[in-house]
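Heads up, the thing below is written out as structure tokens.
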Amino acid sequence: MSAPQPLLGLEGVSKRFVRRLDLAERIAARLGARLRDQVVHAVEEVDLAVAEGEVVGLVGESGCGKSTLGRVVAGILPASEGRLTYRGKDITKAAGAEAKKAALKIQMIFQDPFASLNPRLKVAEIVGEAPLVHGLVGRAELADYVDEVLTSVGLDPSYRRRYPHQFSGGQRQRVGIARALAVRPEFLVCDESVAALDVSIQAQVLNLFMELRERFDLTYLFISHDLGVVEHLSDRVVIMYLGRVVEIAPTEQLFAGANHPYARALLAEVLRIDSRHRIFKPVEGEIPSPLDPPPGCAFHPRCPHAIGRCRVERPLLKQIAPGRYSACHLNDQS
Amino acid sequence: MSEPDPGLSSGAVVAEPETLHAPPPRLSSPLARLALDFCASRPAVAGLAVILVVAVAAIFAPLIVPQNPYDLAQLDIMDGTLPPGSPSYAFGTYWLGTDVQGRDMLSAIVYGLRISLLVGSVSVAFALVIGSAVGLVAAFFGGGLDSLLMRIVDIQLSFPAILVALILLAIFGNGVDKVIIALVIVQWAYYARAVRGSALVERRKEYIDAAVCLGLGTRRVLFGHLLPNCLPPLIVIATVQVAHAVALEATLSFLGVGVPITEPSLGLLIANGFEYMMSGRYWISFFPGVALVVVIVAINLVGDRLRDLLNPRLQR
Amino acid sequence: MLVYLIRRLGQSALVLVVMAVLVFIGIYAIGNPVDVLISPEADLAEQQATIARLGLDRPLWEQLWLFLVNAVQGDLGRSFVHGVPALRLILERLPATLELALVALVVALSVGVFLGLWAGLKPDALLGRSIMTGSILGFSLPNFWLGLMLILVFAVLLQWLPAGGRGETVDLLGIRTSLFTLDGLSHLLLPAITLALYKTSLVIRLARAGTREVVLQDYVKFARAKGLSPSRVIYVHVLKNIMIPVVTVVGLELGSMIAFAVVTETVFAWPGIGKLLIDSIVNLDRPVVVAYLMMTVFIFILINLAVDLLYSLLDPRVRLSEAGA
Amino acid sequence: ALSGTALVGTALADDLTIGLASEPSALDPHYHNLTPNNAAWQHIFDGLISQDAKQRLQPGLAVAWKPLDATTWEFDLRKGVTFHDGTPFDAEDVIYTIRRIPNVANSPSSFTIYTKSIASMEAKDPYTLIIKTEAPRPLLPTELSNLAIISKETCEGASGGDWPKTEDFNSGTLAVGTGPYKFAEFVKGDRLVLTRNDDYWGGKPTWDKVTFKPISSDGPRVAALLSGDVDVIDNPPTQDLPRLKADKNINVYSGLSNRVIYLHMDQFADDTPGVQGTNGRNPFKDKRVREAVSKAIDRKAIVEKIMGGVAVAAEQLLPKGMFGADPALEVEAYDPAGARKLLAEAGYPDGFKLVLGTPNDRYINDEKVAQAVAQFLTRVGIQTTVDASTKSVFFKRRNSYEFSMYLAGWGSGTGEMSSPLRALVATPDKEKGYGGTNRGRYSNPAVDAKIDEALQTLDDAGREKLLQEASDLVIKDYGILPLHYEVTSWATRKGLAYEPRTDQYTSAMSVTQAQ
Amino acid sequence: MARTAEPLLRVEQLETQFFTRAGVARAVDGVSFEVARGEVLGLVGESGSGKSVTGFSILGLVDPPGRIVGGRVLLEGENLVDAGERRLRALRGNRIAMIFQDPMMTLNPVLRIDTQMIEAVRAHHGVDRAEARRRARDALGRVGIPAPEERLSAYPHQFSGGMRQRVAIAIALLNEPAVIIADEPTTALDVTIQAQILYEMQKLCGESGTALVWITHDLAVVSGLADRVCVMYAGRIVESGPVDAVLDRPRHPYTAGLIGSVPSRNRRGVPLAQIPGMTPSLLALPGGCAFRTRCPNAEADCAAEPPAERRPEAGRTLRCHHPVGEAVS
């Protein structure tokens, strides 16, 4: 996976959510109240390159910043720091027409099959609005185009006059996919796109993703907390913990044996249908708040192997083998 | 007041069970569904019917009622305070009697309804437009602008409507236009706050993200996607506010700072008639009062039904 | 808490100043109080003398500035009409209004919560529906009309209760109250009902909506799954939750009740600050009007404060230190 | 406490409760020259001279008075009178009182109008007072009758400063007079309670205890009477009078008042603001138009329908029989045809548009009367709209000449004709204090001359004749259009009688047990 | 894993229906199963298949418009369906307890933890507050909450999701019930937290011999935790048996389909087996076998009548006319 130029490149991308003190709070702070701006370090210094046609899985526990990263990539949120490139072009601040066009090539599929569709629009409008606005199709051809897109996600074109509430969850997710596909994207960010679906429906949608990838040469950033799904679908897996990438590895290698202690713990907890009558031996503790992450390695309070250095120095993401990266001080020891 | 603890909402994104089934494809448009559900409540339908009848009567008042009670040339004080059913020389019968100026009460009530409804709906319409624009802008752009606008709203709302209106009208003087202005001033903030509230909720929903991601312009997102979805709670507030405005106008007129006496609204009719209540000439005050109450109840019945239908939390 | 205080104080100060300035200018624009006050027989010289005596000959901005400077020192000026400090005039009348508003509030809360809870637990029963329809009616009856009807029925036709005014009062800690005499209570009843009806309806609806929402919550089911008795579930688990919106809204409505007392007091000739306000507006008694509004704002601030405190007591999720976060 | 209800009326017959339409703003008798205040102080205090129910002068604290020359008056004071606190009454108290008048802080409407003609005062002996005026002042006794005499011994230095403060009167400390009732309690907005002064020089007052309750709304005031909460109410609304009269448990007493309701017309400006359709002319400068307006109005109908019969159609500014009223004048007959004819003659065959200004909370049914007037004028072609506002706004607008025609009223404080003439129709003149309320700016030198002369004439008969002539001149010139005299009513529960007063004062002294 | 002859909880032909405006929903339709002391029974099925309603029916917590219309629930031999509300209340939270899915919603947000725990003790045992509080503290300690004494006086919102679920478990365990019904208690939690909860449950039930009915839609959880499994579809148990048997050799096409649609290591990149169509509405179930419209094996007789329950082998039940691995007729 070392294509000369990645399709999407992230260089030191960070996203912080800052809540500044308002006037009253500032006065209070003056008067000695312990108040300061609250900063959520949702995503911290992420470097990542995604090659064309690749499926990259992004896993991590709730609140670790997966969705935020996905949104930054999809251009919904601006990055606080760092650079995003698409086909080598900087799209960090989608200013120029060209950058906008590039940004349009990256689309997002959302988690919630209910909240992600505008309840007031018919399917045809949901799918057809953006291509029309961007002049991808004329008004005359729009109806046919919408039918075509709907068919490609496995929906009957006769559904075009319906409203979202008249669909089941799986079908809605397909409408969401159709909406994204309608602007002819090359890169899809799927944020937990199957998490809300039943197993049987989930399988249908996963199959659809794989099928579309073949048909339209799509590249995926597939966000999920379900390691099974990620393992099934992706070529490479990125594991995040508290806003930072802790390990990147090709799927096979990762599941064969993870490097980072957190990744290992995570994999160990994955329940599999073929592992019966397990005796559970969980990782202790919970994810710390991103409001004040622990110093040093963010995982050290829960890490069974933590050494003194972990408490003070933040480990950098280093290549440990070709195509494999890990951020752990233990790698430096041996 | 702070917004609900974010920790509560974040974890609660769990699908409701019934939605994962194929819902029976019924009426397609949300409006048609609403209409059908609305009709399931008999009081609400009755309320709507009353509103329609009253509105038609008010709009076509000159064609319906025998007398223009605002035209002094048509009044004769010698016909003053006649009881209901008295014969009239100018036309058939004073079915609801006359007031002291010789005004046919039936005509006066219909014309009064006209003023009351005009004041109610026009003030609500203006307040709605102003308020929702402010609220939407505040919610979408956030930051300092949001704080500023919401502080103004807070200040406005920290004063009871009746007092503000009272003072304003004391300053402006009587007049339908002035009552409307006063009512707009006391009402807009409700809408601003309501729209901002629901816009903040809607803005966090993924379909807005999707629209942004699809590169649709800010204006399109704001007015095409965000605004329509903030409307349902607004409709409810607006409906109920019309009733509120009608009542407020009546109250102000009752206190003597509302519409001018020559063009009495229902409130003023009641106020004028009340002096005669004790002396047994109940009709001058009683019938306008009944009309006023019926209209307000009807509007509230409709508003109540809409509230039930449009409240997502009670939708089961 | 500090932040909260600063925010509230800042906002309140702003409201006070804005209100004072607006009303000051507004009333100046209405007319000259001397026109109303002075005997018509007075000649021009006499009028001039009176204007000077009341300080109305100075330019508006100077009057305003003087007023603000004095106001900061707690002096809101003297009533043109009564010649006594406006604040004192208001404080004299305030207990009557507060008494009325508080009684109405208690009625609204107790009746409203009870009926609302009932209607919320049995939304489809006949009584539940009747309560709701009744509450719409209560919502819709304009305050003044209701007052008139009550007078007509109970004072004039049936002659059971007095038509207006305040009855016998007794001194309690230096405050006159009519809560402890039969006569006082009989005078209080009709105005209090008039004032309470709207809020009762409001509380019914809040309580019902709250109940309907709360009973569907998992924690109520969980409470039942623990084997608790229905009364404990309703009166502890449900009630405490529905009290949150009820207290918030009703607390704030106490303010509007004091404001709406303007109407009720006019109808029932209740000697409170509402009537004083109307009279003062009519007489252009600017110091009293401004002082009244200042006082109302001040009461509002107190009420808000109390409501916020109560709210944070009822709802542990809200801490004042986080308010506005 | 409440006085007995109607049911137990006899048991507590010596307590009286009166429902007032408007309450006094202060108990300081020199603070605010206002009907309710003046009515209130009459109970606690006495004037040097008192006015009876018809406003005729009667001995009060002065038993007799006479002019010694054109500018000097002598008053003989009553002996043996004590104030409620026991301090004796003498001439020093009167001098002290008059000297206090200009020194009442914050007075919104001062009594100085009654004292400014006084040049000097002197106590010849404790019971003889000499007052000198700057110019001949025939009305001095009348003016002095408006002043409550306070006790120098009690008041001097009582409030710390030079002069007693209004607050101390309100609290009761200084509400110490020589009057028939003593102060007991005053709660603003709620009640004023008085008790009998058993040592009153004028005989034992009727009531043990008198309670005044302000009930400003008409309905509740009537209801309070009906329900027995109060024994007497003033100003029962006209529309309720027929019913009250029919009620056998209620007595109604009415009497003509000194207040006339009139229409005034702008007779000064060329371009008058409230008239349209006259090509810029001011129609009211034409006497024919004024006459037409007068003829167009059916005063009897207004009295009958709007005032419920409780008013008297007016032909001049003071009812006949009062000092200076011309007995020869008659009420203008309703003559719409004649009015139209006059309008056509004056060049307005199609009439014109007119705005009629009126207050809506000042006089009995003021706004309704204005509407009726508008109705009548509209019928003869003057399309009239009513512009009603609260009194404060109305006065401001009227005083800045915003109306071409307005409705207002005038009560004669002195009870004689010079009062309305000076105020309403004399050519405005600051020096002489003329035309203070002449906002139609009517000006007729002949009238002015008659008034001037009358006010120099100490001889009552001569003065009355001059005033009658002046009145006649104004009315015949249609300089002002009187509509009706207000009739003031009181309603009592059965068993009580009320003697109506032309000054409209509501007084416990006027209430007697009916036979 | 010890199995004694007499089951603690036996459900027989339980039927619960919702009488809605749109029609009657047979949410639970003839469900039978039993749980023995110390046994863990997994109840799996997709959303809306009636798992939760089954759980609520056992405790008698079905609210109108729902009603139990038939069957028996025998807890230690006593039929709960016939027991009065008073008796049920005495048993709930005492002999039989329940844990809910959403840890954010199961605790009353405005009451302190100790209040909510003490009331649960005192509803069943006449002990004083101090004693009840002591028991509450012990229970918190047992579910692995550090510093239980301090945490007792906290409010729910001061806990994380995992912690709250532990509190809920502690409440369920307070009175040492014979049976616990756990309705998807780990679905809303993260993997690592889920593992922690599963660990605690396994340990506690193992120690006390409490029988556990574990409701979930996640086959993997069942496979790791349960001894036996019941698969529900549209209100019926279509297949049941020991976990190993059912998961390794599913007989019902639905079970087979479910297992096939779980992404797993050995099928990486290959399209997943998928069950066509979607879960039918309970109000419009196809006649006969409810699964026939989505079933690859369906034949004419599937439409004719619903398959009866049969026992293809010891300890297993099955409702299917044409099970997987049987010759097609």
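Order as written gives the chain letters A, B, C, D and E; numbering starts at 1 within each chain.
Here is the rule we use: contacts are C-beta pairs under 8 Å (C-beta built on N, C-alpha and C of every residue); 3 or more make two chains touch, one makes a residue touch a chain.
Remember, it's a predicted structure, so these values are computed and weren't measured experimentally.
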Intersection of contact partners for chain A and chain C: B, E
Applying the contact rule given earlier, which two chains have the most C-beta pairs between them? C-D
Based on CA centres, what chain would you say lies at the far end from chain E? D
Which integer distance in Å separates the CA centroid of chain B from that of chain E? 50
With chain centres defined as C-alpha means, what is the inter-centre distance between chain A and chain D in Å? 87
Give, as an integer number of Å, the spacing between the C-alpha centres of chain D and chain B. 46
State, to the nearest whole Å, the distance from the C-alpha centre of chain A to the C-alpha centre of chain E. 32
Got the chain E residues that touch at least 2 other chains? 46-47, 101-102, 105, 109, 157, 278-279
Chain C touches at least 2 other chains through residues 30, 148, 156, 266, 281, 317, 324-325
Touching two or more other chains in chain A are residues 22, 62, 168, 170-171, 198, 201
Under the definition above, what is the set of chain E residues touching chain A in their complex? 46-47, 160, 162-163, 190-196, 198-199, 202, 217-221, 223-225, 227, 243-244, 247, 257-265, 267-269, 271-275, 278-279
Can you list the chain A residues touching chain E in their complex? 61-62, 168, 170-171, 198-204, 206-207, 210-211, 225, 227-229, 231-233, 251, 255, 265-266, 269-284, 286-287
Note which residues of chain D are touching chain C in the complex, please. 1-2, 25-26, 28, 31-34, 105-110, 112-113, 116, 166-167, 170, 187-190, 213-217, 219-221, 223-224, 226-227, 229, 361, 390-393, 395-397, 399, 410-411, 413, 419, 423, 430, 433, 436-437
As the complex stands, chain E meets chain C at residues 56, 59, 61, 89-94, 97-98, 100-102, 105-112, 116, 119-120, 123-124, 155, 157, 168, 171
Of all residues in chain C, which touch chain A in the complex? 2-3, 6-7, 10, 324-325
